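As written, the chain order gives the labels A, B, C and D, with residue 1 at the start of each chain.
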Amino acid sequence: MGLSLQTYPTASEAQSALAASNVRYMGGGTLVVRAANEGDLSFSTIVRTTDPALSEIETSEAGVRIGASATMGMVLAHPQLSYLAPAARAVGGPAVRNMATVGGNLFAPAPYGDFTVALLALEANVSVAGSGEMALETFLQEREGLDPSALVTAVSFAPPPDSFRFLKISRVHPKGAAVLTIATDIREETGSIARARIALGCMADRAIRARRAEAALVGRPRTQEGIAPALAAALEGIDPPTDAIASAWYRREVLPVHLGRLLLG
Amino acid sequence: MAKIPVQFTLNGSERAEFVESGTTLLAALRDKMGDTSPKGGCHQGTCGACTVMVDGELRLSCLTMAETCNGAHIRTTAGLANGEVLHPLQRAFENGFAAQCGFCTPGMIMAAAALLERNPNPSRDDVVEAISGNICRCTGYEPIIQAVLSAARANSTSAA
Amino acid sequence: MKLSKKYFADERDDDLVEIGQPRPRSDIRGHVTGRTAYFADRTFPGLLHLKMVRSPHHHARIRSIDTSEAEKHPGVARVITAKDVPQNLYTILILIQVGPEDEHVLAEDKVRWKGEAVVAVLAETARAAEEAAAKVKVDYEVLDPVLSIEDALKPDAPIVNEHHGRNYYLYDSGECRKVLFGDVEEGFAQADHILEETYRSSPIEHAPLETSGCIVAPEANGRFTCYTNTQAMFFTLDNASIILQMPGHKLHMVGGTVGGGFGGKVDVTVEPIAILAAKLTGRPVSFIYSREEEMQVSSPRAAEKIVIKDGVMKDGRIVARQVTAYVDAGAYSRHSPYGAQKAAAHFPGPYTIPNVAIDSYCVYTNRTPSSAMRGFGVTIGDFALEVQTDKLARLIGMDPLEFRFINAYRDGDMKAHRQPTEGAALIECMQEASVIADWPVDERFMKMSSRGRED
Amino acid sequence: MALRRGRGVAAVNYPTGMNLGGDPTQALVHSTPTGSFMVTLSSVDLGQGLRTVIAQICAETMGVPTESVTIDTADTDTGPHCMGTFASRGTHRVGNAVVQAAREARQVMLEVAAEELEVDPADLETDGQGNIRVKGASNLNISIFDTALAAHFKQGRSISGRGMFLVPRSYPETETGAMKPSTCYAHACTVAEVEVDDETGEVSVLSVKNVFEIGRALNPKMVEQQLIGGSWMGISHALYETTEPYYPNRTQGPRDYNAYLMPGPGDLAETEIAVLERPSGDGPFGAKGPGEMCANPQIPAVANAIFDAVGVRVDTLPITPERVLRALKEMEAAGAG
């Protein structure tokens, strides 16, 4: 059978090619080429596109749009996206960051996909060629059920004020797979929390929102006592994986500790 | 199986070969072009031994399809020295006993070279970050970090 | 690094010319320029790739193996099963009379660990070999596995390896290698305190950057050149010669710089089957472990369980030490009977203890066979011994470093395995550590010497 | 939250060479016509620098500069038998074989030179720079270059030597275990300092101060690099490494370097190394084998430091944050109950 690579100049041509069987779409190659190297026989054709539109990053006060083919390295180098730098830097080492794409990260299973955790806290939308735009949270839930030819073209979100925080806990530094990842966007008004967005990595098989914890923060002061109910609520509904990095037990035990430190830090 | 032409500049020389579609850059360099300086340590993107530069950017050649590099400028550790004159990093690794088995060394040096090209005066943390995608099982990293810092100092001294 | 010349200066000739000089490494220029030649840095026209079909079960009987579909797959040159291997039953240390032969190059009747080699597929490309390997059908009857040292030693435990007939290695001393010195029960009887503790470890992978592998080229004169990263050239040659029933002069092993070993390249697991493949196909063959195989299939450092019972006096003297050590060999011996024996010789550690009893077991389970790894037989034992030693010191309320001085062996002391101590230097290491770590100890310890006792 | 510090000590010894001996190595040394020297072996260099230290051993024994010695090894068509590179045996066993071979070659070299100079070989010495001279009369001399030429083309002699080193095999006595496991032992003492996060169980090794006694540092820089790397591996064994994190369930077994955990360049302990030299009775120039020993004492030292910091014992390797946290919670529960 062998393996073949098909390169298309436009996203729409690539999308058409995805309709065939045994095809996998390649962003930066960190997931797909690895799978091929490891003898994954579930695909024999790799499709990619060189469409420059997919690598564009547009920023304005109203919104940010990052093409799916933009790499972590491009995000890191972008002067208007410095708040995302910790999340982009959390992905692999420098060489991987020059390859790993924003679009590919949406498909990375736990304990990977750190950048997606950040996007989830920013309530990003995902543009899918053919299907239009959908909330990232919905996309993550429905990812496997999408049409095989669905092609992610971009993510977009409103830039946060100076309220965005990102924390990755790993065993190995500075590059290590996550024990857990937390991204928060907490906005306060007159001494209490007015709006809270919390996304968690490694608390399920993919990034999830901690909606109960978010609700438990609103109206509360950002103090040890104020956040205590939220820390307890963060444990509701999670189903952390057990992998070589950490067990489900451990991830559950330390989530409130790290979330608390991030919220109060 | 149809063969695909690949053509790029490797360490300053124009190279062209036919490879099977789906061949990685690592395989093309090693098996077709005789440059065995990039090493296949994992073929998963987790060890960094195959690190090369493509158009000035660090890449893992084991996860890069050769045909995506058409027209690119590729640099490997084999091309770092200028004849017998070693690159400052190579000198620093020699003087600092920063290699044992040597299998990680070419990839490690490429990662360090990419750092020094962007940041001639790196801090220790910068060096740590720059080599973080490259595994070494022998040295415990410290001699490597010291060698990179020393190469940077040697560079800035010679520039001054 | 500080080279501390003040210790033992009278025992040394420090006026040497080449010795003691920091000469540059002869291989360093090759390393930094990427020109050092490792075994895989060669290309061979017509190279075949070997992919191994491995057991998905811990323990299973093989009912049948059907390779017909794999053989028909495009690009496949040959499929190899146990019946193709001239002397399929082997054990590596048979060369130094450590038997019995207990392992198959390719599984015959049973598989005894998850990952065991069953069928080798040779194809024009790695991908074709993968595709064909997926078409090999092995019909398994899954058997109860033995997954722990404790389960292995239960009287009704399933037998892991019939070539041993029991789930432990039988030494000439019986079910374990024993060391007996003094009277350990008498020692416990006189002790002020007794402490019994259990220590455990998990298997550890060598994780060299270069995975285990070889490339074999058939030569025109009927010989086979095997480019390999083995840690032991003749070990590999001689074992390959036995397995292949091929005179040694037909074999030519070529090594070079190895991309890290740490003990992981002492097992002879890739060369014999690759040489056989080259012989059967008449073509060069590459068999290089994938990273996953290196991590999960190549033999790790053994998991161990070590029980230490000590009798200690209030004044700090350890008067009795009983150690029961279990080395988990996994399904086959490889180097583990040797490792367990080395452990027996190493206990009770670098201390002079008048009453010692050691039992060191090599146990078989349906686990990945363990083997050599940097310090095996000692490394985990040292963890157990030195944590235990710390506990003893705290038990009697003594500084842990001073406690070690009291018990440290010195020249002339009789060790438990009945060799007099020579060339000891533990005390001086601790004296230097006391200084550089700013961990002061009583003056009398700083005056001690490994070269003898004061009284 | 509290970051709590503690320190621990451990002291160890380690046997050089295969346990119970019986592990031979052979070496051949010969000169080229122009006075370079070839050492022929089948030993393997794994990266520890065997070739360099063997060249130094040969050079010291022959009385020639290290750069004039070439090591031809790891080829079974040319090199005589070596048991292999493992069990901290390379420098000791291979080195001894090379010393013997080089002594024999040196003797021939001096005999050839003596004939050229018309003196007694016993009156000759080497200057380490490539010359042979009469003791006390340095104007009476001949270069090794000319000596080798004379041997080859005039005297018809081979400046060569054979070396063999074998520690006789010891067989343990079955009842008592009386045996001779090794002829010499290296020693070490490590003091580790750690910081433990008592809410997460995370352990950082702040420093390790290692003292190693290795017989003789034949090449101090290569010794240093091996000891630094070994110290790192010891810490890695203590806290990180396992192929079976949740045995017997194998599904989470690491398949790559992301999942097989080892300290990264951002996790390094401040590492100090001191080396002591008590020459071994039977090692080449007193050398022992430091290769394996150097990764051992850090493991218990770190474990003991963790206890010193937070008062819990984790007696199972690796000492993961999970195991530390479980132990802390058990201690807390026991204290509360």
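One rule holds in what follows: a residue touches a chain if its C-beta (ideal position, glycine included) is under 8 Å from a C-beta of that chain, and two chains touch if they have at least 3 such contacts.
For each chain, UniProt lists the protein as follows: A = FAD binding domain-containing protein; B = (2Fe-2S)-binding protein.
Keep in mind that this is a model prediction, so the values were computed, not measured.
K.L.:
Farthest from chain D in C-alpha centre terms, which chain would that be?
P.N.:
In terms of C-alpha centroids, the chain at the greatest distance from chain D is A.
K.L.:
Sort out for me whether A-B or A-D is joined by the greater number of C-beta contact pairs.
P.N.:
Most C-beta pairs in contact, of the two: A-B.
K.L.:
Round to the nearest whole Å and give the separation of the Cα centres of chain A and chain D.
P.N.:
Using C-alpha averages as centres, the distance is 47 Å.
K.L.:
Suppose each chain is reduced to the average of its Cα coordinates; what separation in Å results between chain B ((2Fe-2S)-binding protein) and chain D?
P.N.:
30
K.L.:
Counting only Cα atoms for the centres, state how far chain A is from chain C in Å.
P.N.:
42
K.L.:
So which bits of chain C are touching at least two other chains?
P.N.:
24-25, 27, 125, 127, 207, 257-262, 290-292
K.L.:
Quick check on chain A: which residues sit in contact with 2+ other chains?
P.N.:
Within chain A, residues 2-3, 36, 38, 173-175 contact more than one other chain.
K.L.:
Could you list which residues of chain B ((2Fe-2S)-binding protein) touch at least two other chains?
P.N.:
Correct list: 20, 22, 42-44, 46-47, 97, 99-103, 128-129, 131-132, 135, 137-138.
K.L.:
Edges wherever two chains touch, nodes for the chains themselves; is that graph a line, a ring, a star, complete, or other here?
P.N.:
Contact pattern: complete, every chain touching every other.
K.L.:
Write out the stretch or stretches of chain C touching chain D in their complex.
P.N.:
Checking each residue of chain C against chain D gives 1-5, 7-8, 11-12, 16-27, 58, 96, 114, 145, 147-148, 171-174, 177-181, 197-205, 207, 230-235, 237, 251-263, 265-266, 291-292, 295-296, 300, 303, 338, 341-342, 344-346, 349-350, 358, 367-368, 372, 374-375, 377-380, 382-387, 389-391, 400-401, 404, 408-409, 416-419, 422-426, 428-430, 432-433, 436-437, 439, 450.
K.L.:
Along chain D, where are the residues that touch chain C in the complex?
P.N.:
Residue positions touching the partner: 7-15, 19-20, 22, 42-47, 49, 51-52, 55-57, 59-60, 63, 65-66, 71, 73-77, 79, 81-86, 128, 169, 172, 174-182, 184-185, 187-191, 209, 211-213, 216-224, 227, 233, 237-238, 241-245, 247-248, 250, 253-257, 260, 262, 272-281, 285-286, 291-293, 295-297, 299-301, 303-304, 307, 313, 315-318.
K.L.:
Touching chain A in the complex: which residues of chain D?
P.N.:
1, 199-201, 240, 245-246, 252-254, 258-267, 321-322, 325
K.L.:
In the complex formed with chain C, which residues of chain A make contact?
P.N.:
Touch list, chain A to chain C: 1-3, 36, 38-39, 41.
K.L.:
If you look only at chain B ((2Fe-2S)-binding protein), which of its residues touch chain C in the complex?
P.N.:
20, 22, 30-31, 34-44, 46-47, 49, 76-78, 80-81, 86, 89-90, 93-94, 97, 99-106, 109, 135-138
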